[in-house]
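Two complexes follow with chain A in common, the first pairing it with chain B and the second with chain C.
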Partner chain A sequence: MIKSRNWIDRIPKSLPKIEPYLFLLPFFITFFIFYLWPVLFNVIITFTDWRGFHAGNYIGLKNYSELLSSSTFRKAFFNTFWYFVVAGSILLSSGFIVSYFLNIPSVRGKKIFRTIYFLPVAASPVIIGIVFVVIYEFRYGVLNYILGILGFSPVNWLGDVKFSKPAVTGLFVWRMFGLIMMYYLVGLQGLDVSVLEAAEVDGANTWQTIFYIVLPLLRPVILFISVVVSIQVFQIFQEPIVLFSSLFLGGSGGPQDSALSIMQYVYRIGFSYQEMAKAATATLLFMCVIGGIAFLQMKYLGFFGRGR
Partner chain B sequence: MKISKREKLPKGVLENNRLILRVGLYVGLIFLALVTFFPFLWLVSSSLKPETQIFIMPPRLIPRDLYIGNFIRMIREYPFLTWYFNSILLVAMRLGLSLFFCSLGGFALAKYNFPFKNLISLLVVGSLMIPFQLLIIPLFLTLYSLNLVNTRIGVILPWAASPFGIFMMRQYYISIPDEFIDAAKIDGATGFWIYLHIMLPLGKAALGTLAVVLFVWTWISFIWPLVILFSPEKYPLPLGLTNMVGELSVHPIWGEILAGAVMATFPVVILFVFIQRYYIRGLTLGGLK
Partner chain C sequence: MSKFKNGIVLGMIMVMSVTVIGFTQQKKVTLTVWSQDSSEAPYIVKEVKIFNQQHPNLKLTIKDLVIPGGDQPTKFLSVLATGDLKLLPDMICPQHFAFARFVRAGIEDEFINLRPYLEKDGLSNFPSYEMWMYNDAVYGVNVSLCAVVYYYNKEVMDRVGINPQNFMLWDDFIEAGKKLKNATGAYMTPLDIASWNQYLIFALQNDGGIFDKAGNVILDKLETIEALELYKRLLDEGVAWPTSQFYGVGTKQAYREEKVAGCIMAGWYSGAILSSIPEIKGKWRITLLPRFKPGGRRTSKRGGSAYHIPKNSPNAEVALEFWKHLQLNPKAQARRFAFFGKFPGYKPAFKEPIVKQYKDEFLGYQKTAEVYLDAFGELPRFYHHPYIAEAFDILNADVISQVVTNKLTPEEALRLAADKLRKIIGR
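Here is the complex of A and B:
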């Protein structure tokens, strides 16, 4: 293109080049104001005693040391990690098994099953959580009634330290299962049939096909799903709130905070105790953990080079 | 749905196996379906019982007589309709802003070449990875300094130009042939004209998909509205109902809450049966491929 010296000549020609930036302007604005700046601000205030609306003083690493020695923080951290391991493994394995079955051509009623499994995605977890409270209820809940018929003694799902985390996990898995299964299904349908047929011709049995062909081929999908699951698990917040707030005035972390999630902890110290800097520190520490876990997932599920 | 037309795993387990396996499989699938569906069922059943019969032993799935007093009291005595209206308003605002911003941004990333395009694409995808709910403290402080705390626009604005939506629209627009645009350019059309008259009509399906995804996300969103809204008259449904749950230890209002939960959940869940496939396509476009 010939460069014009006269700037008036240049305007009409250069205008289209501004267009894409103009079209992306809403993204730029929100990116800087609502994404980038909060991330940076979050890092900065961790070194101060900022309490929200007054200027904070630099206090070095005091927030960090106080948090790491706080037993509630450690508890919330442990609980969230517990959710990550338990809910994560349930979702990743059951999602695969069910989607594998639903992908077998001769299985009937697939569409109905898929539709039903996927319904919880559209239901608000807090609102459905309300009916879970009714179901989990100790003396009159349906769950204990069914357990009783099967010969088990009733379980105090919401009041017992040992069962509060499983209760939260139940609600969480219930609402996430359909989504995870659907991701697997999309992945399974993207597989190259000829490879699978070749395996069959070579005499591989079903287990060999699953473990040596299907699962390795699904690796990118599994990676994606496990990142989605971990991000969701680390945001567990509404489930404990709705399950426990009807029983424990003010405290929504379950009996002795045994179900308290990290998200709840951040909300509690940030907004109830107004210790915003400390809450931001907890966030930052936890983001590092999420980042680390995502990195490990990527490493072991082969995001960096190797193969495909 | 694309899924049902392209089933292509090898015959595997079932074809060369016994009847028992097949029966076991259906029992398993039906059991799972029951578990998934049961809370919805129990919700409706409990909402139709008077307060004294919600917690009884043995539990009854079919109420002795259908009682609609819970629904009437929920609507008359609580600001339920206000919460409903707020939820609809939030969804409408979200859709209005996001559909426009995302399709525009997606168009720019799909059909233009410009400096730093790759970097910007990377920022869009990168922002997808950050769980923003975790940043509630600084986000709240940012909105506080913008004077947007306790406003509806404050609930919507941080996610208006959603990176997910931009990325999704980009994925779709890329598949629209350039010839359409070139022809219009020869006729002297501006970029915005092309967006309005070519990209929007051709991308209607993707836009509808994005609308479904954002509708569901906004309808069920909880954490951010909880942080940013203080006045109960601005609460959307999930917040309002959770607030009532907090009162349970003082007043036994289970019936009203459950009736509210039915009215808040069922219209959307039933609608979702019909629009599910758009939601799934949206996740596929925006996530996996």
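Here is the complex of A and C:
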């Protein structure tokens, strides 16, 4: 028998193979350095008063207690949750409705519509935001001009507490709509046509087909879309910054911080107040909330087995 | 004769040798400068040429990086945290509100204290050094004056028979505003109802503000409250045009349509904003502000940016010399003025002919230096503080918007804001 000169072949067979782990090692190193360590570091500094340069001192749970008692933090939290409910609902429902129509074989110009709806997704969020500032302008904006033609009074979209969140939501939905519509469209096109034909043969009308066949079959897609939408909504940052920022004043949270998002708040306390540890604390608290909501979504939509 | 020729040849060789030695001893230095916008680089390159002519032993070149003024602290802190001093820039130019972040991070002493050089020149030559001061050390001076004036549309005012140059007190301004409104429907000025942007101008003019020199909160000082009361009165009397997009397209369109016939803002406003409205070219002028009371100030300040020199940067000494050339040299300041059109923040520069004789084409060839020189001696102090960012956010969210919507009176809003700010600082 010829002895192998390959050192790996000379390793006793009783020992576990290390080659798979060697191949996985680069991933784990990268994962540790760029994902796991930053998260661990983030958790550690939440117990200090670190401001980004000199070493911080241990202060226990002071950051947590100050944040939870901060009215601005609570306001940002509430605003973000508002965006989650309103923008999320609009995107999930309108995305499905439009994609359903675009999936109908007899509809003409589908490719043109798909392109038009998807264009905002490809555009720069900052550029879109700047354009929307002009659209929302109180006295000279296009939107109020249209409202005037329809007989309505002009709305101070960016200056009135009642309308600042809808203004941000409008921009966000307009920007994300094309992407959500495409996800739904892909899901619809992946459905087994024979099932839909069988339903038609059995006498199901359009509404029955949608509610009892299409939507249940689309559950995995809906789960995916809802998690994507949730993550995007909870990370709302660019839209309020661009809509409410002033030339020389940096980003603002809108009138009385009525449109301030949690990510904007984190940025403000980290890079405006230079309170890095507190920004890390806010991020951690919010990460727990997002994680909880994602878990509930996945449980409700059957990711862990039998769902409703 | 041959000895004479030999002597000449020897002399020429010696001269050439000294010249070669002199050139080889010329120190070559490249300064890394962080500018706020791309327009700075050509100006700095021009000044480098003049600096090199004045310093023959030095050959200075500039590596200019454009980093927005508000982002410079983040980038600087990141570079500093690496511990590699070779990566530090030699000069940075952040905006005034960004300076507080250096103080908050505890690294203001990473910069050279420029106070000795300013005191040698005379502190009174620099009207805004206090904005860059912490614990009596001064880390920069405003690159331009940033004095506030009243811009007005002379054509519109003449039609109605109003001369803003005759305003003595703010009451006169309001009376004129009512006359203008009745005659043309126009407003005297836009007023920012979403932020502290313009309100602070009034507060400082009236010797109020956010912090005093000792770092005490003075939001609830009587003068600060009076300023907010005037601010509200301008809106309530209908002479000011309320806007939540002060720098936006709506305000510019209002100027174009002559719905707003003036603006209370700093000197840089004409170059930064008004100049983008060619339709109003030649029609507008400037004058000093009306006073709060007889004998009071006729100006205020708004904005500012300054060069800082990291003391551990690779070329700190040369950067300091270059800074002196830029800031403590009347001719260099005059050249800066000629390049940017922003009045110098250095008093001796006002004697330079190019500044003194300047006629602003956009403002109808008005000799604007006369107005700004009058303003120089009346500029109020604006003391910064490590917690200035929180103060600004409280003014935005809890003061301005609450007062303009009549939810709180100016006094109530400012007293609550002062208590909130003291609680944040004192925690």
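By our rule, the second predicted complex is superposed on the first by the 270 of 308 C-alpha atoms of A that agree within 3 Å, B and C clash if a C-alpha of one lies under 4 Å from a C-alpha of the other, contacts with A are read in each partner's own complex, and residues count from 1 in each chain.
Convention: a residue touches a chain if its C-beta (ideal position, glycine included) is under 8 Å from a C-beta of that chain, and two chains touch if they have at least 3 such contacts.
A quick note: this is a predicted structure, and the numbers were derived from the prediction, not measured.
Participant: Look at A:Phe271 in the shared chain and tell me whether it touches chain B only, chain C only, both, or neither; answer first, second, both or neither.
Facilitator: In the superposition, A:Phe271 contacts both chain B and chain C.
Participant: Give one of first, second, both or neither to describe whether A:Val134 is in contact with chain B, with chain C, with both, or with none.
Facilitator: both
Participant: Check whether A:Arg219 is in contact with chain B, with chain C, with both or with neither, and answer first, second, both or neither.
Facilitator: neither
Participant: Which partner does A:Phe237 reach: the first (chain B), the second (chain C), both, or neither?
Facilitator: In the superposition, A:Phe237 touches chain B alone.
Participant: On chain A, which partner's contacts cover more residues, chain B's or chain C's?
Facilitator: B
Participant: In the overlaid three-chain picture, which partner chain does A:Thr72 touch, first (chain B) or second (chain C), both, or neither?
Facilitator: Touch status of A:Thr72: second partner only.
Participant: State whether A:Ser106 touches chain B only (first), chain C only (second), both chains, or neither.
Facilitator: Only chain B is touched by A:Ser106; chain C is not.
Participant: Would you please give the residues of chain A that touch chain B in one complex and also touch chain C in the other complex?
Facilitator: 52-53, 133-134, 137, 139-141, 246-249, 271
Participant: Tell me, which parts of chain A touch chain B in their complex?
Facilitator: 16-17, 19-21, 23-24, 26-27, 29-31, 33-35, 37-39, 41-42, 45, 52-53, 98, 100-107, 109-128, 130-135, 137, 139-142, 145, 174, 177-179, 182-183, 185-191, 193, 196-197, 199-200, 206, 209, 214, 221, 224, 227-228, 231, 234-235, 237-238, 241-242, 245-249, 263, 266-267, 270-271, 276, 279-280, 283, 286-287, 290, 294
Participant: Over in the complex, which chain C residues touch chain A? Could you list them?
Facilitator: Contact set of chain C toward chain A: 70, 73-74, 77, 80-81, 95, 97, 100-101, 104-107, 192-197, 243-250, 253-254, 272, 303, 387, 389-390, 392-393, 396-398, 401-402, 427.
Participant: If we count contacts the way the header does, which residues on chain A are in touch with chain C in the complex?
Facilitator: 51-54, 66, 72, 133-134, 137-141, 156, 158-159, 161, 244, 246-250, 252-253, 255-257, 268, 271-275
Participant: Chain A touches which residues of chain B in the complex?
Facilitator: Chain B residues touching chain A: 1-4, 6-15, 25, 28-29, 32-33, 35-40, 42-43, 46, 54-59, 101, 104-105, 107-109, 112, 114, 117, 120, 123-124, 127, 129-142, 144, 146, 157-161, 163, 166, 190-192, 195, 216, 219-220, 222-223, 227, 237-238, 241-242, 245-246, 248-249, 254, 257-258, 261, 264-265, 268-269, 271-273, 276, 279-280, 283-284, 287-288.
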